[in-house]
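Chain lettering (A, B, C, D and E) follows the sequence in which the chains are written, and residue indices restart at 1 in each chain.
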C-alpha cells in the first residue's frame, strides 16, 4: 500500500474515498467479513455493528498514533491487540448496558471485533506512521467504509428477505427467505463485490483477479 | 492474514529488551484492567437495570399492567439429598422450603440487605446447607404482577425442545389460571417455517383459554381458517377483554391449536410446553401460594 | 484433367469423430425423462405440465440472458438447460404455485452455472441448487402443496393437506399409516410406491417410470450403473434404521437422484473408484438425513454435499495406468 | 471377402480402452495392388526418424532405379532413386510431415539397363551381420508409419532377452487396406520376411497379429506358413497367426503385445524390455526384398481412399510420387473434399496442399469429405469420463486439456501426457469435440521446452 | 446410579429388578423434579434384569429425567450419555452449525488460505489442534477463575491473550521439538490469532455456561468443521481457478458465491439429531 512508505499525510478526501470504495474493508480487502456478514439480516443490526467497528477503529487508530512515542516496536503487535481489546470491551459493555435489545442479537459479534484484521492493519500501516489527526481520518474513512458496507448489505438483505428496511414494511410480497439465510448472505456479499468490480470495469480498471495469478 | 510480516520475523530480544518488554506489557495490562474495570463499574448497574427493565416491560405487557404495578420474582431451587428431594421457593421477602411431596418444611424471611442487592442464589445456598457432592440447583422462576396491592396475575418461564433446540417462552396467566398470552423469548427454529411460532396468528391462539382448555388442548394440521386468522392478528390492536368478548364464539369453535404450515414439530413443541408449564405451575402454586 | 483446388482444413488427428455430441446426449437424457412426466400428468393433472414448463422457462431465460451478456451464442438449444429445468420440476410438489419454479430455475442457473462460466464448469448440480434455493425461499409451499393421486382424472385432483409419506417415515409406523392417504384401495403401499400412485413430487412418484427412463440411458450407454448402484447400495446400508425400509427404498426420489442427478457428468467424479465412493456417500448421507435429519427427502442435499467432494475424489481416485512404471527409455 | 461386422468370440485384444470407429475399408479392400509409375518423383531426404540423409547426387546427374541418391553417413537411412532418370533439382520441397525439407527431384527416363532385382541364391544362409547390413543399405524403415530405421531396431543390445517376434498385420486404422492387400497377395513373402527377422534377432517364435475383420488375410498367411514349414528350416521358427478382435488401436505396438502375449511394456519403455520385437508386415516384406533381391525400399503400397476420391485403390507407387498424379490415376476427386490425409484418419497428418510426395512412411492418402470428417468447434469439458474409458493407457486427457487450456501445461505430468502415443481415441470419443490429442501434444512440448531450458541452464 | 434410557415417546428401559407396583416408581424431569410424572405400568424388559416403565408423559431422548423407587436408595439418571453429548456436540458444531457456513466465522482466513489444497490441509490440521487446546484452556480459565471472581468484563482481553500466548508457545515448542513440523505448519500458527473462530469458541462456551464435555465438543467440532470446510472449499476453488468465470465475478465474488452454495448444501444437515 502506497501510504505505508510515505509519511506525508494524504488529504482527508483521499483517506475517506479509500475507505469507502477503493479499499473498502468488506468488499475490497475482505478483511473484516467474519462477524460482519452474519449480523446484516436487518439494517438495524448492521448499523449497530457498523457503529461499533467505526468507533473501535477510530479510537484504536488514534490511540496507536498517540502512543507512538512510547510503543516498543518489538511488542507493538501485542500492544495493538491489547488496545483493540480494550476498546472492544468498552464498546461491548456500553452496548450491553444501553442497547440490550440489539445486543442480544449481535453480542457475540461485537466481541469478535477484536479479531478484525482491518483494525490492526490500519494501526500498523497508517496510525503508527502518522500523527493523530490523519490517523483519525484514516480510521474514520475505514470505519465509515465498514459502516456503509454494513448498511448497504443490511438494507439489501432486509428488503429482499423481509420486505422492510429498519423494520418498516416497505413492500408487501412473498419475501425471499433465502436472502436472510447464511447462504443468501454469502450470495448478497458476492453480488455487491461483483458490482464493485463492475464499476471498476466501467472505470477502465483491471479487475484484481486473485485466482489466475502466475501459473505456468 | 494481515498480521504484519515484521512481527513474525523478529530476532530474539536481548535481556535488557526482555525486561523492557515485560515491564511494558505489565504496565499496559494494568492500565487496560483499570480502564475496563472503570467501565465495568460504570456500565454494569445500567446493564442490570436495563435487562431487568426489559423483562419487566414484557411482563407488564403480557399481564396488561400499568406502569405503577409491581413485578415480583419467585425463584425455584432443587436440592437432592440422596434420593430425597427438597424444593426451595424464593420470593421477594420469603424463602419456602418443601419436601418432595409438597409439605412445607420451613419458611424464612429474606434479610433486607440480601434482597436489596446481594447474591440471592448464594444466600439460598447458605440457608439450604447442601452436603458433600450435593448441589443446590436453580431451575426456574415465575413472576407475580401486583397491581394496587393485589395479585394481578403471573408470568411463568417455560421451555420445550423444538425442531432444533430449546424454545423458551413466557406464559401469562391471571389469578384463576386463565391464559392471558404467551411470548416466545428465544428459539432457533427455521426461518420461514418454525420461526412462525413468534407470529401473532400462532401465539394468540393460546390467549383467552382457561386452565381446563389448555389441559386438553390439541394441535391440528387443518389449515387455519382465514377469518380466525384475521381475528388473531387483530388481537394486538384491541384490548384483551374486548377481544375476548368479540371472539368468544371463535374460541369455542376452535378449541384446537392450528399448527404452522410445514412446522408441526415446532407447533407441537410450543403447545406441549405451554400445557406442561401451566399444569406444573398450578400444582406448585397450590403448595406455596399461601407461604410466600 | 483439370483439378479442382480444394479448400483444405488442417488439424492434428484424429480426423474422424464418433459423432455423438454433448447436445445429443442432453436431448437423449431429456427424452429419457419423458415417461416420468407423462405419468405425472396422468396422475396429478395438467398443473404438472405448467410446473415443468415454468421451471424450464426460468432456467432457459437465465441461460439465454447470460449468453447475451457475455456476447456468445445462446446455449439454450444444447439441451442441458432444458434438462436442468426438467429435473428441477421433478423434485417439486405438484401443487406449487406456477411462478415459483420459474424463480427457482432462474436463480439456480444463475448462482450454480452462469457465474462459473457455463456448462462444464459448475461445481454443484444446477437443478438441485435450484431446488435447495426454493426450499430455503419457499419452505412452506415446498413442503405442503401435495396433491392426492387421481389416475385418469386429469385436471381434477384434490389438494392434500399433510405431509408427504416420507416426512412421516421418520415419525414411526403409525405416522406412516396415518399419512399415506389417497392410495388406491386394496393396493399395498409397496406396490403403490413402485407404480407411482401416491402423493409425492412431480417426477419421482413412479419408480417404474424412472427406471424405464434410466434403462433407456443405460442402453444408450449415456450413463453407467456405477453411480446409481452405489447410491442405492449406500441407501440400503442405512435402511435398517428406517421405520419402514421397504417404502424407504421404494421412494422415487432416491431413484431419480441415483439415476439422473448423481450421474450428472459435470458434478460427479469421472473415475471408477471415485464414482463408487461418491455414490455410496450419497446413499449414506441420504439415509442419514432421512432417518435422523430435518428433511423428508435427503437425496437432494446428499448429492449437493457429495458434489463438494467431487474434485477431491477425482484427485484421490485416479484411473490406474495400464502399464507398470518403468525406466524411461 | 472382408468381414464388416467382427465377431468377438474370445479373440484376444488389449485389456483396456479402445474404440470401434466405422471401418470404411470396403472402399478399397477389394482393389488388388496396382503398380503406378509417375513421370517424375520428388524424394525427400528425410525418410526416417532422426537426422536427414545427405544427398550424393546433384542436378543433372543421371540415376538408375535403385541407385543411392542420399547416404546415411550423417544418420538417417540411405535413400535410393525410385525411378531411373535425370536429377532435375536438389532443393527444398514439401514434405508431408516435416512441411519443408530437402528433396531430390528426378524426371523419369526409360533405361536400357533397368535393374530387375532378381532373387539372389544363398540368401537364406547368410550370416546375421550380412543380413543386417543388407537391410541397412536398402534403407528399410518401419513402413507402418513410424519410419524408425529397421536395422537399428533389429540390432539388439547384448543384454536384451528377446524371445518373440510379433508381426503386426492389425492395420487398425479405418480406410487403410495396404497391409491387408499385401498379406493377401504376398503372404509367402511376408512370412519369409518374418522368418528372416526372427533369424536376425535369434528368436524361436513369431506371432502374426491380424484383426478378425481381415480373416481372409489371416487364412492366407496361415496357409503360407504351412506351405513354407519354416519350423523345420535351419533356423526353426514356430510361426502362428493370431486373429484378434477388431479394435482400435490394436495395431499400436504396446497394445498388440498385450493382446498377443499378455505382457505389459512399462510406461515410456520399449517392447524389448518384455522380450519382444514388433515389425509391420510391410516392413517384413521390405526386409525380405532387401536381403533376397537386394532391392532397396524405393516403392511402397499406398491406400488411396476416402469418400472424396472417385476410384479408391491400393497402389504400389515409387517413393517420391507426388499426390497430384495419384489423384489423376484414381479418377480425380470431389469438390466436397475438405481434408487430405497422409496416413490413416486417426493418426495421419492433414496436408496443407496437394503438392506433396509419398514417403516411405505414407501408408494411405485419404480424401475426406465434410460428412466424413470433423470440423466442428470444440466446447468445454463436461466431465463425462469417456476419454478415461477409451484411453488404452489409463491416462487422463480431460485433466490435461483443462490444465493446458488455462496455461498450466507444466502441472500435468501426473495425468500422463509424456506416455501418450497420440492414438486419438480420446478426441474421437469426446462429445464436446475437444482436441484432446492436441492438448496432450502441447503439454508434451511444454515439458520438452522446460527440459531444454534446464539443460541450457545446467 | 444404574443404567436407564428413553426407549420411545412414552417408555423408559431400566436396568434393575422389576418393581412390584407402578405406584412405587417416582419418575420426574430433572428440572421439574418436584412434579411426579404419571407412571401407568411397569413390565419386564426384553432382556433379563431390565424392566420397562410406561408413562403418559411424552418423553424426549434429549431431555434429562430422574427416577427413584419408593423404599429404595436406587436412583436412575436418564439422560444422554457423555459420549452421546460429545458426538452430538461435535456433529452439531462441525456440520449443522458449521462456523464458516452458518455463522460466517473465520472467513478472512478461510478465503486467505483456501487457494491450494495443501495449505488448506495444513491450516485445517493446525487449527483443529490449536483450537482444541485453546478451547480447553479458556474453558478452564473461565470456569475456575473468571466466573467465580465475576471477571466477565475481562473476557475478551483474557481470551485473546490466552490465544496469543498459546500460539506463541506452540510455535516455540514446535520449533524446538520438531523442525520439520514447524516448517510445515509454523506459518499457519500465526494466522490463527486472526481467526475469529478461535475466539468465538471460548465466548460461546462462556455464554452457554458449557460443561467440560460440551466445551470440548464445541472446540473439537468447530476445529473439525473449519478444517472440513476449508478443505472442501479449496478443492472447489482449485476447480473454479480453471473456469472462465465472468470478469466481474472473478476473485472474491465467485469465492463468496461458492461459499454460499456450500452453505446451501450444508442446510441438509439442519435438524440432524441422533439423540
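Just so it is clear, a residue touches a chain if its C-beta (ideal position, glycine included) is under 8 Å from a C-beta of that chain, and two chains touch if they have at least 3 such contacts.
As the structure is a computational prediction, the values presented were derived from the model and not from experiment.
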Innermost chain by mean C-alpha position: C
Which chain maximises the distance between its CA centroid and that of chain D? B
Which pairing of chains gives the most C-beta pairs in contact? C-D
Report the inter-centroid distance (CA atoms only) between chain A and chain C in whole Å. 41
Need the CA-centroid distance for the pair chain D / chain E, whole Å please. 67
How far is the middle of chain B from the middle of chain E, if each middle is the mean of its Cα atoms, in Å? 25
Go ahead and note the Å separation of the Cα centroids belonging to chain C and chain E. 34
Where in chain B do residues touch two or more other chains at once? 1-3, 32, 36, 39-40, 44, 163-164, 190-192
Mark out which residues of chain A touch at least two other chains, giving numbers and ranges. 31, 78, 82, 85-86, 89, 93, 117, 120, 177, 181, 183-184, 187, 212
Two or more other chains in contact with one residue: find those residues in chain E. 108, 153-154, 157, 193-194, 240-242, 244-245, 249, 253-254, 257, 260-261, 264, 267, 270-271
Contacts from chain E onto chain C in the complex sit at residues 8, 117, 231-232, 235-236, 238-240, 242-246, 249, 253-254, 257-258, 260-262, 264-274
Spell out the residues on chain B that touch chain C in their complex, using ranges where they run on. 163-164, 190-193, 221-223, 261-262, 264
Sites on chain E touched by chain B in the complex: 26, 31-35, 58, 60, 62-63, 68, 72-75, 96, 108-109, 112, 153-154, 157, 190-191, 193-194, 270-271
Quick one: which bits of chain A touch chain C in the complex? Just the residue numbers, please. 174, 176-178, 181, 183-184, 187
For chain C, which residues are in contact with chain E within the complex? 69-70, 111-112, 114-118, 121, 123-124, 129, 132-133, 135-136, 172, 285, 288-289, 292-295, 298, 300-302, 304-305, 307-312, 315
